[in-house]
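Each structure below is given as structure tokens.
After this come two complexes, each holding chain A, first together with chain B and then together with chain C.
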Partner chain A sequence: MNAEPHHTAYAEPDLSRDATTADEESPADWGALSALPGNPLMWILILSELAVFGAFLAGFAGARLMQPELFADSQAQLSRLFGGLNTLVLVTSGWFAALAVRNRAEGSIGRARVWLAAAGGLGMVFLAVKAVEYGGKIDAGIGLETNTFWTLYYLMTGFHALHVVMGLIVLAIVGWKASLENLETGAAFWHMVDLIWVLIYPVVYLIR
Partner chain B sequence: MSDLNTQPTRPALALTWALLAGLTLGSMATALTDGDAASTAALAGTQVALILALTAVKARQILAVYLNLRTSTAGWRMLFGAFVLAILGVVLGGHLLVGVV
Partner chain C sequence: MKYQSQKVALYYIGGALTLFLVQVLVGVLAGTVYVMPNLLSELLPFNIIRMIHTNALIVWLLMGFMGATYYLLPEETERELHSPKLAIIQFWLFFGAALAAVVGYVFGIHEGREFLEQPLVIKVGIVVVALMFLYNCTMTLLAGRKTAVANVLMLGLWFVAIFFLFAFYNPGNLALDKMYWWWVVHLWVEGVWELIMASILAFLMIKLTGVDREVVEKWLYVIVALSLFTGILGTGHHYYWIGTPGYWQWIGSVFSTLEVVPFFAMVVFTFVMVWKGGRQHPNKAALLWSLGCSVIAFLGAGVWGFLHTLAPINYYTHGTQVTAAHGHLAFYGAYVMLNLAVFTYAMPYLLKREPYSQALNQAGFWLMTGGMLFMTFALTFAGVVQTHLQRVNGDDYMSVQDALGMFFWMRLGSGIAVLIGVILLLAAFVPVGARRTVPKAPIPTATPAE
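Moving on, here comes the complex of A and B:
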């Protein structure tokens, strides 16, 4: 970011500075956040998302404490295998996204885009599996208002699925504007989506 | 801004993926020891603790390698690690309190 104050069109240009000098100064503006890889704003988002989903998971644990039998009976209607499959899909997708960044750092935009497309393809597989899961529950008459478990299940997994959709859009954008920083930042968003699912899966699907 | 030297190598990424996949399967196996994928039987506290410990290791790997946090400062690594542990600690605490409250 250029920290120079805005001047009118008639202001005298500062000839002691040139564009190169201004560009070289820009990375120092983030303070402690500069120590993080990629765009620091993405890390602020990652912290925020961890806080939001952390609150969701804490709320889920608290609600289970009040109604353990209801939560166990409801959880048994989930497909633990589908949930596990989707975890494998996302961690593999994360691997592909990291390989995209690696290839871009090596200078190969083409290979980076191929890995990014593969990561996005697996993201769509994740959404397809989730759609099958939701479809099965809706067919069985299980909805958002069935009980506390299902309300929290739909809210948490639905909000996460929305992040997957957003992640696919982000991956498409950074695949188009494929600078190393863009790829690193887009992949960071994708890994955040991966990380959050890794936390959701055992809490919602496995622990009882 | 990072460069090639700060990026995780291909073997490191492959190893991380294998670890994440293996720990996921380990979590599933721990939760499904009775062989019934639709079981409602409560897990033992040790099983729950093990599943959450495996999850903590997975989260740490994603942060350190996929998100490349290993190249950052110890302070940032501790902050994110503590955040994940706090979330999983609340979940474990909630589980251990079932039947007590």
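Moving on, here comes the complex of A and C:
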């Protein structure tokens, strides 16, 4: 247990000694995350978000298996057109964000900001379409508590819409502090928002 | 120990260990009442025994966090505490309030809201104590070096105090009452206490393994982010059956399932640090407690929490012995072991002696940890049987309790093992007779930064 002889005093070990690690890893090393563009902490967040939305999608699939008719009837009331339109809007917006990063990498902050503004503008179009869609459902008397399908519809699309709002704030911040790393970090978040919508749309709106 | 003012930690560690002993003694008593239901039923009813058991736990853990903070803050900020005198006054106020609360409970003076039973005066006293503590520590931090460990720790401690304020809000509507009650209970243990846990573990890893601070901080940020990401909306797993809307079953299930992730990250973190670290720190017992803390917290809080966190499962297991199993191992792994780790690390410096009684300390570790694991298994089996008999078959509560008798005897046995472990640990800490050796070389004298 305590085999070593007590010939030395129990003094504070010398903190100046760089006891680290024989291996050559630098403190800034994030393992696999280092290879990704932007700040590694953003990728931790992205992975966490994918886990959360993945769990919701799995829950949706499970609930659908239990109540196939209820899900089919409820899904028939969704507007595939609005959903499809929003998919186009968001994917295009993601492309604009990518163009912003490319322009920043080529040295033009001004053009990068224009593309970021365009990406953010389409984000707002997405939210407007979403608001029209929600308004229609609420007018039809469909709420968060109507049934399992609608609970999950509002939770998933609602959480997603909140991320669009957050994404607009992120885009505004990285447009202001427009270093290449910041732009990559912000664009990574925006693409995640994009990706999640591309998963939600087919599962909730399309698959019958 | 480099700074004189770190010595105030000794008050807090002493106070915490005293209340720890009270908590475990009363816990053994409660376990005895489970198998001899009429024991002390007039003199000291079970609800009072349980109240002392849970309240003593929470108070000593908080006292331990304060002691840990007073110990590590000078080293992190590289300066003496703002006011050691204030820290000592604060200790006696806190300790006095805790004893007054316990004595009050014995005479039936309490507000009867589980875990928040303290009479209003005591609650106000706790706020005063918290303000003294936060003032003292924040002033120290503001004047000194701001490390990630110190910043995250202080952030956690501030939020502990802020969320406690919801203890003062007690609406008449029972559903609302429960909603805000969880803002204290859940957002403490599954939210901001995890910040405290992660930062203290990070401090211990820096000291015990010698891994670069930058590497440790990187992990700390990730763990803190994951804790808040999962823990805040994870509150939803308490909102299933208290009158809140049904969508909480989805939010609670999804987010609380992921609460296992930060605990798993802490296991990976501690083991990777030890594996990478080149330093052979002489205090092996402190390392044992640190590694044990992350592992048992992962099991108790993470795995045993997940067992019954999904709404369709919790529908059956809610409030059975499954909950008791989870509660015991989670508190022990995450917060009891964390405190004992930092006490084990700090005591040799505070008492100026080599960690001579490491064998005793480690024996205490294995006895306590083994006892708690056995207790958890016994209660888990009891909970599964109870769920089936009571919730599936529909048998009545009391006859089911009778059927669980064997498990309650096993729980009492493991509780006694834990008590013996606590006594061994205390014996290892208390500087008596032969073990109080003078180091053969002088301990470096404290050199205040100021």
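Simple rule for what comes next: the second predicted complex is superposed on the first by the 180 of 208 C-alpha atoms of A that agree within 3 Å, B and C clash if a C-alpha of one lies under 4 Å from a C-alpha of the other, contacts with A are read in each partner's own complex, and residues count from 1 in each chain.
FYI, contacts are C-beta pairs under 8 Å (C-beta built on N, C-alpha and C of every residue); 3 or more make two chains touch, one makes a residue touch a chain.
Worth saying up front: this structure is predicted, and the values here are computed from it rather than measured.
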Touched partner set for A:Ile207, first chain B, second chain C, both or neither: first
Chain B versus chain C as contact partner of A:Leu152, first or second or both or neither: second
Per-residue touch tally on chain A - higher for chain B or for chain C: B
Chain B versus chain C as contact partner of A:Val52, first or second or both or neither: second
Interface residues of chain A shared between complexes with chain B and chain C: 27, 51
Footprint of chain A on chain C - complex, ascending: 1-2, 207, 209-212, 214-215, 218, 221-222, 225-226, 229-230, 245-247, 250-251, 253-255, 257-258, 261, 276-284, 348-349, 353-356, 358-359, 362, 439-444
Interface residues, chain B side, partner chain A - complex: 1-4, 6-10, 13-14, 16-17, 20-21, 24-25, 27-28, 30-32, 37-43, 48, 51-52, 54-55, 58-59, 62-63, 65-69, 71-73, 75-76, 80, 83-84, 86-88, 90-91, 93-95, 97-99, 101
Footprint of chain C on chain A - complex, ascending: 1-2, 4, 6-13, 17-23, 25, 27-28, 30, 41, 44-45, 48, 51-52, 55-56, 59, 144-145, 151-152, 154-155
Complex contacts: residues of chain A adjacent to chain B: 27, 32, 35-38, 46-47, 50-51, 53-54, 57-58, 60-62, 64-66, 68, 72-73, 75-77, 79-81, 84, 87-88, 91-92, 94-95, 97-99, 101-102, 105-106, 180-181, 184, 187-188, 191-192, 194-195, 198-199, 201-203, 205-208
